[in-house]
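Mind looking over this structure? Questions follow.
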């Protein structure tokens, strides 16, 4: 904000616009790149001849990175790299399932609350408020507590705790989409409910919805791996990054290499989703602040 | 104005009722015979022969609604039964560990607010480059799981530098690392929020007039923009406290901070349903109270709302 | 006569290098009152924003020479602009509804202006009187005032700041004719009192002719005419003649 106001000779600007991406574009592209790489990495094990993730080689327990085991081995002699890669479909799959459940509840909920009568809206919002009144992770813990610890329980627990905030967001988007002039015009011209929804409202809310989905997936992924880390999500021997870090805990001082890789894997995946979401959000937001 | 407060407070009651129903009904999630599970939830592990008799004794052969009301009556008196694991009453059990968790949650909240204001201010006042850099750092911080951050911090500060010890006894100095872990992640995301809100306000016409008057950026931030964003910020702070209450479970388990986190994890492992139920209800209560306070603060802070309420 | 504002070669472009303003040049002498007129979209507000250094991305400006009361602003930094704004050059914007800070009472917002120029607080009260606003306004919030009152509050700010150049961007647009008369009267009061130069921007020639004696006509991002108001209908530029003709037609009706 300390640049000179008139310091934009046209020639220089034209040059810059060729090279510089806006920060929104950078984030988005970087995030998509990372996600694609991670998905591609999931199929790598079948291409390279890596040991199977369950194969235990007790003689080589806790060995640091070597030629045979690129990322070292864990306390049961299993190859870390193989486990890391095997965890990709599991972690991503769990996150996808959770988001699927969340959207399956939140999308209709938000649409109905936003488009229905004010009475219905109030009742539906009250109901979701009740769920939101519990601290999110606490509710997930309780669900897991009663269902018994497992990956499925953690998926259901996180979905149960995360859906109301998403429903609220969707409702807000629907409400503001509903008020746009062209939607009201279509309504007055006699368009049916479903036509209004599918041709006018959904296309409008799709871009901010995409932002929401990316950012929420990041949050859900963090929650799921946290629960697995606590031992109440994915159960051994299922390879999952949080669970792998939990297993590494007792051996932390002797084998620090076990700490790094799964943690970095979580950070990279969550980061990818956050970059995609933030990048999209930036691209959609056209307003610029006044320069002081 | 008083009537408004009363109204707002009254509006919370249906929510609390709904929450109690959820806490009661959640027992039905447990696998196995639901009524046996409910017995378990009351802290009774029956022998197969005695099940029918015990059911009658505890009124479990009555319909769902009647059982709910019976449970609710006891819950309102803070009687959540006895813990299966320790045999102590649930409320006593929770009461032992609750203060430590609250201390952690509140100090983490304060820490995250401080970090967020610092990061937000830095991003606003700096030039384009600092803003982009800070944004990148924020997105990164928000992507780091708290459990991994905790492990890294332990490795650096405890094992390598020896500045602190691992087995916590609840002294204040042991609070620093756990609170820092929680504060960093939340502080980064709150800082982003502060930056976004300020940026959104900076697009408004009144800022343009303030600039035209020749007022310094700091002056505009403090006198014009801050009052506008304080309301939404306080609401988010209340939500963040809820997040801290949940995140505390992870951090307490890693740092050995003697709070509810350890209690609930044990309870899940031992299927100690009374404790899980009591935990759910009490955490919900704390959260609802904080949200209520936040809502009231928002109203008091907005002069337009205050005047309208005064007139009624 | 010394120029308090002198700009030449002002060019404003949009993101795709489309030129929105093309080589604007104008001079304003001390105490002079000029009007800047043109149809909607001719670039009047853009010019005003550029002169105060208030353009925001994706708009970009470049200029050969911009002199505000002796200070060359072509390479000025934000700090330089801050020193000038308010005291040397001040702008009253269109839509007063959103110009005043919503959550703050009028009093503190006026006191802020007093602090800017080091004037005592009584200045604000006196200024309110000159535009025929009651002193109760000080304790009120913007949402409690009407459009005309809010616009007069902006003029009060100008009165307090006593800028060398005042730019008034469509100050009477959207207000009824009676309020417009009040605003223009208040504006004249302010100018008489402070001796400021005025650039009055409007698409309404009638309002402009009541305050200004010289008028600049803009069309499609360029200044096409610069003459006294009375000579507008004899102008070479068709845009200027059209404006003059339309204004005359309106006058003939009432």
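By letter and in written order, the chains are A, B and C; residue numbering begins at 1 in each of them.
Here is the rule we go by: a residue touches a chain if its C-beta (ideal position, glycine included) is under 8 Å from a C-beta of that chain, and two chains touch if they have at least 3 such contacts.
Note that the structure is predicted; figures quoted are calculated from it, not measured.
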item: Chain-level touch network, classified as line, ring, star, complete or other; value: complete
item: Comparison of A-C and A-B by number of C-beta pairs in contact, larger one; value: A-B
item: Chain B-chain C separation of Cα centroids, rounded to whole Å; value: 51
item: Between chain A and chain C, centroid-to-centroid distance (C-alpha), Å; value: 50
item: Centroid spacing, where centroids are CA-atom means, of chain A and chain B in whole angstrom; value: 21
item: Multi-partner residues of chain A (each touching 2 or more other chains); value: 1-3, 288-292
item: For chain B, residues contacting two or more additional chains; value: 208, 211
item: Multi-partner residues of chain C (at least 2 other chains); value: 54, 82
item: Touching residues (chain side chain B, partner chain A) in the complex; value: 14-16, 18-19, 22-23, 26-27, 29-31, 37, 125-128, 132, 135, 139-140, 142-148, 151-152, 154-155, 159, 199-200, 202-203, 207-208, 211, 217, 220, 242-243, 245-247, 249-250, 253, 264-265, 267-269, 271, 273, 276-277, 279-280, 283-284, 287-288, 291
item: Complex contact set, residues of chain B against chain C; value: 204-206, 208-216, 219, 223-224, 227-228, 302-304, 307
item: Footprint of chain C on chain A - complex, ascending; value: 1-10, 13-14, 288-292
item: Chain A-touching residues of chain C, taken from the complex the two chains share; value: 11, 13, 17, 53-58, 60-63, 66, 73-79, 81-82
item: List of chain A residues in touch with chain B within their complex; value: 1-3, 23, 27, 126-127, 129-131, 133-149, 218, 222, 225-226, 229-232, 242, 245, 249, 252-253, 256, 259, 263, 266-267, 270-271, 274-275, 278, 287-292
